Amino acid sequence: AELLKARLAQNLAPISALTIVAKAQGLFEKEGLDISVSNFTSGKQALDTVIGGGADIATTAEAPVTAAAMAGQPIAFVAGMEYSDIKTLTAKKAAIKSFADLKGKKIAYTAGTGSEVYTTELLKKAGLTSKDVTLVNLKPQEMLPALAAGSIDAYDTWEPHIANGRKALGDDVALLDTKGVYSETFNIVVMQDYLKANPQIVSKFLAALIAAEAWVKAHPEEAIEVVSKAVGMKPEDLKPIWSDYVYQVGIGAKQIDALKAHAQWRLDTKNHPPGVTGVPDFAVVLFPEPLRALDAARITYKLN
Amino acid sequence: MIRKPVPVPLREGGEVEIDVRDVTIAFERDGGELVPAVDRVSFQVRRGEFICLLGPSGCGKSTLLNAVAGFETPYEGEVVVGTKVVTGPGPDRGVVFQQPRLFPWKSVRANVAHGPRMAGKSRADAGAIADELIEMVGLSRSAKALPHTLSGGMQQRVAIARALANRPNILLMDEPFGALDAQTRTVMQEGLLRLWAQLDTTILFVTHDIDEAVLLADRVLVMSAGPGRIVRDLAVDLPRPRTIETTLGARFQALRRECLDLIRQQSQKAFEGTHDA
Amino acid sequence: MADISTPAALSPRGAGALPAVGAKRRRSARLSQRINMAVGLVSIPLFLMVWQLIAQARIVNPILFPAPTEVARAAMEWVTSGLFVEDAVASLKRVATGYFVGSVVGVGCGLLTGRSAFFSGLLGPLFQVLRPIPPIAFVSIVILWFGLSEGGKVFLIVWGVFFTVWLSTHLGVQKVDQGLVRAAQMLGTPRRRLVGEVVLLSALPFIVVGLRTAVGISFYTLVAAELAGAFAGIFYRIQLAQQNMQTGLVFAGLAALGLISFIADRCFAMMAQRLVWWR
Amino acid sequence: MADISTPAALSPRGAGALPAVGAKRRRSARLSQRINMAVGLVSIPLFLMVWQLIAQARIVNPILFPAPTEVARAAMEWVTSGLFVEDAVASLKRVATGYFVGSVVGVGCGLLTGRSAFFSGLLGPLFQVLRPIPPIAFVSIVILWFGLSEGGKVFLIVWGVFFTVWLSTHLGVQKVDQGLVRAAQMLGTPRRRLVGEVVLLSALPFIVVGLRTAVGISFYTLVAAELAGAFAGIFYRIQLAQQNMQTGLVFAGLAALGLISFIADRCFAMMAQRLVWWR
Amino acid sequence: MIRKPVPVPLREGGEVEIDVRDVTIAFERDGGELVPAVDRVSFQVRRGEFICLLGPSGCGKSTLLNAVAGFETPYEGEVVVGTKVVTGPGPDRGVVFQQPRLFPWKSVRANVAHGPRMAGKSRADAGAIADELIEMVGLSRSAKALPHTLSGGMQQRVAIARALANRPNILLMDEPFGALDAQTRTVMQEGLLRLWAQLDTTILFVTHDIDEAVLLADRVLVMSAGPGRIVRDLAVDLPRPRTIETTLGARFQALRRECLDLIRQQSQKAFEGTHDA
């Protein structure tokens, strides 16, 4: 039969493992889809591209989703596909053993992303405010050199930048245990019009992701091979952090928490599009039906 | 400062081709002060006349020529060529500038052929015209050379050939033979007179060489120093064709003497003028 | 920016008793001059109007492509919040320092490599290889070397400015009028003073091209500089606004940039006119 | 890149029976010329050696600042994987297209605004305002307008090249030798042919400065172009490598860039020498 | 092609200041072919002598002057000034170029003062020297003007003043008075002769004006066309001081006639030469 065409705007990183695998293993074709992939270095650009009409399906983290939702864009959040904890890497010299030790330190984060929300939560947990520390805005790949140069004491970001840091600086750095503070999610977003017009494409797309999820679970070694090849990493670099990525197609508490926390942070810090007064009603942008039709068990969230 | 221009005697025959009417051209000095370079100059040139402009260095000869060529807009007055007020340059008025101003990226041949090419002539025709003129100025051997490889005098000869290539109605020549040795100069003068006799060209010719002026011109206009004015319009009543032999005659010597005296007066003024500055 | 065919001689000031024809021509020249000036004044408003029309036609998503009015609103907010001054000052300081250092070193090196075959051989290939490397590609290395200091940020701007100014100075020096160099030499100008007395002035028109181009480049590299751990700055603000989908503010930032550079360039053009006074 | 004081007259070729003194002087001139050429050849190796020494001294972290040998290893891997050719071809296509379009339009607009006060008034302020806006700041807008086509990527490169070439052409046109324009006018060159016959050639040295500067700028803007939905390209590879902390590959990418632009510039310099044959 | 140079008669007294030894200077044509502009020229100039170089346009006068000035390295042979082989320009040899070559960014005064400033003179001293020379060339009124606002002749006069300002041992002048009118020229000639008599300057003077050559020079070197060679070294045995009246004497006219004939021969050759190209 004729394959259905769709354009995927994807952030090329291990967080997109499911779409990478689905493409590489021919799972899209199996579902009757012909997916053309455009690669970006950030989910934000992928989503912007979809909003602008340059692509049909975006992979993106929660931050761009909240921004778009608050800006009143008619986006449709159809599934989460991955989440992972954000972590803090500290310089040994800074002697940060507990949350409280963060006081007075220079901490790098990436403004506007989950890393910033994480940092806010982390400080809250430590009983500190942003005035007790020096926050430095950096892109993830620039945090390591800044730490190496001694310009910062710690940085908050996602993998693989934490692993990179540990590999490069070895005994000079230590990981602060911050499990459960904040998980960054990675999700599938389309436009509402597109969903309405092409329900079967979205449905087939999600089905392919579910298949990919199963394949990844069944063949972790091969999955690492496939993903590392696609993103240009060495398999031995990806292997140690592979377990940090939780690949799960679904909409659950993780996704809703991340969205809410992020939206609240936007409000609190005025980092929101103009004219917004409250946390948006995510019911407007959440479209669980396609996924529910495939596998109802994967929809576990409750709003409010 | 303001004086009536010396009345210009009109000679019989021929229409007026160039009519310079009460032209004043001024330049701004540092202080913003306007200094006239040419002050209320009027004269007329009839079709086919050969006029020489003679005057001390800095008296405004080039400026006046530029006004006729259409490069300077008079501050007051106007220049009429044929029946039209001059508002800009045109191929009806060929100019030999005081500096050669050759196109540095074109060979000698291409420089000379430029005018005919612009007039719509074919490459071959333009080339033929160019070759002829280049031979006339004695540079056939350098036809393919670029201007910067030529000596000063050779460059000036190319500029003359270039201005002639369009067969313009009017030729405006600013010290065209100034950089040439006596003999080359004589050859060029004779060539110019021949051309002028053949074609019906009107020539306005700036020179500082009195012999040259008297030898070539129908009328010599002598300019004053300071802001340039015409102090004398001297008709040269020597028979044509004139050759180098003409310079030996008594009438020639008398005219030459007259010019020399006029120039000497003016130059003296120019030099004295510098002392009251 | 005048039409090149303007004659050197002057039109009269004040109204004397002028012959009719000359006066008419001069009047029309003055008129066309006025028209050109007026055109210069409406140029940008016209552009804004077209933009507004396109935006209002809603051919494109207004969140991604806001109308000038929306941009103006965001700009007002930015200014009244007090952040604008902070951002502008931070960016200007970086750009000004980087620009100054980059152009001084650039002119210096250009004179050196332009005059001496030895230095041209030694430094030329190196500069040519490094020249195209965009600052944004080595922000990490700069952070590694300079830490997060302002020094590193300024270095990134110096990078872009330096190569631009160096190249145009180098090429300008090679176009120096040999006749003037010879005149200076026969007057006994020592080799080391030749540069200041003739070469620099003779190459100035080319150097000015480089300097004016570098004004734009310095803003190109400012992006990279403000990616690297800045706390304020116009690009820092643009970046944040982009993350937050505050497109009005993004455009306001870009407009601020355009305006600043426009003013800088105007000042520059005026200075250049004085600098190259002799035509 | 010759020393400017080289006289126009020639040294002899072949060995005639030359007077002693002249020959000695010419020999020493030839020697110094050889030295300068040799210096040109060792320039980059020397730079690499210094780099290797610094890297081996391990003053800085070798993962963040790899030695040239490590970079060479990564480069080899890149080449043998076959990706290098793919990346280089993709980038070169973009740069070449963008550069070509940008410079043609830039020269065209420069001639227009340089010659006509009207267009200078109309377009000048607009261009000056837009000029400093770095392509990286409006990648999103370009995607919005052009989608993810190569057209959008090329547009970003055109942006950077255009303004650089426009400015230098504009300034060059204003420096055109008025004497030559007058000569052409009196020869009856029509206004529209004046540009091709005199203005363009007379402004060429300035245009060449702009064109050569733009070679560097086109790589600056390539970054922005390859941020947006690329599949291959040198910067695309550099970015991936940066995310994965493969600094060897990052440096190899930058080196590839330097090399490509160096070759482009050499070709250009040779062409420029032919183009400006008349000195 | 290769001929023995005409032997140069050395006049009594004075040391040799400029010794041009068998100098050949060649330029490359398009084809890569080497064309000699000056062919095996030898002559000597004694201290304080006034030498004029006379020759048809394009014969290599400027090239030869450039070799003495140190701007062209001979292809063969060498130029010795004093006791040293010339390897480059220096303030001991003032040059008036065929083009004015003024510094366009300096006022007339600053142009003339440049040499003394470089020689270490104070601003005031250099200014005083400049003012004196500017007055000599009759341009006091334009002392503050920039060169591009001057007429061609005025620019050339500034260039003369500038070359004199350093009081050089040797003056190399390339058609310095070519752009001047008869009277200004006479004034300048007399000024130059006065200066030359005062200072102990050696002068090598290129001109295409035979009267000027004979009036000024101790010896006139006549050059041939084509690749320039010296065909005649003519001693001018007119008593000094010479004035404009000198030109009326019979001896002057005889010398003038001799030069004219020589030049005519050479120019004829030059023109004929173009036809076999």
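As written, the chain order gives the labels A, B, C, D and E, with residue 1 at the start of each chain.
Following the convention adopted for this analysis, a residue touches a chain if its C-beta (ideal position, glycine included) is under 8 Å from a C-beta of that chain, and two chains touch if they have at least 3 such contacts.
For clarity, every value in this text was computed on a predicted model and none was experimentally measured.
**Q** What's the overlap between the neighbours of chain B and those of chain C?
**A** For chain B paired with chain C, the chains in contact with each are D, E, in label order.
**Q** Hop across touching chains from chain A and tell me the fewest hops that reach chain E.
**A** Step count on the best path from chain A to chain E: 2.
**Q** In terms of CA centroid distance, which chain is the most far removed from chain E?
**A** When every chain centre is compared against chain E, the largest gap points to A.
**Q** More than half overlap in residue numbers between the two sides of the chain C-chain D interface, or less? Answer same or different.
**A** The interface of chain C with chain D is built from mostly shared positions.
**Q** With chain centres taken as the means of their Cα atoms, state the distance from chain D to chain E in Å.
**A** 46
**Q** Report the inter-centroid distance (CA atoms only) between chain A and chain D in whole Å.
**A** Chain A and chain D have C-alpha centres separated by 39 Å.
**Q** What whole-Å value do you get for the distance between chain B and chain D if each is reduced to the mean of its CA atoms?
**A** Once rounded, the distance between the two centres reads 48 Å.
**Q** What positions in chain D touch 2 or more of the other chains?
**A** Expected reply: 60-61, 64, 140, 144, 242.
**Q** Could you tell me which residues belong to chain B and also touch two or more other chains?
**A** Residues 27, 71, 99.
**Q** In chain A, what residues contact two or more other chains?
**A** Residue numbers touching two or more other chains: 48, 52, 141, 144-145, 148.
**Q** In their shared complex, at which residues does chain A touch chain C?
**A** Listed in rising order, the residues of chain A that touch chain C are 44, 48, 51-52, 63-64, 67-68, 70-73, 108, 111-113, 136-139, 141-142, 144-146, 148-152, 266, 271-274.
**Q** Tell me, which parts of chain E touch chain B in their complex?
**A** Touch residues, chain E against chain B: 27, 29-30, 54-58, 61-62, 98-99, 135, 138-141, 144-145, 149-154, 157, 175, 178-185, 187, 208-210, 260, 263-264, 266-268, 270-271, 273-275, 277.
**Q** In their shared complex, at which residues does chain D touch chain C?
**A** 1-5, 32-33, 35-40, 43-44, 47, 60-61, 64-65, 113-118, 120-126, 128-134, 136-138, 140-141, 144-145, 160, 163-164, 167-168, 171-176, 178, 181, 199, 205-206, 208-210, 212-213, 215-220, 222-223, 235, 238, 242, 247, 250, 253-254, 257-262, 265-266
**Q** Which of the residues in chain D come into contact with chain A in the complex?
**A** 60-61, 63-64, 139-140, 143-144, 147-148, 227-231, 236-237, 239-246
**Q** Could you list, by residue number, the parts of chain B that touch chain D in their complex?
**A** For chain B paired with chain D, touching residues are 69-71, 88-91, 93-95, 97, 99, 101-105, 114-115, 118-119, 146-148, 162-163, 165-166.
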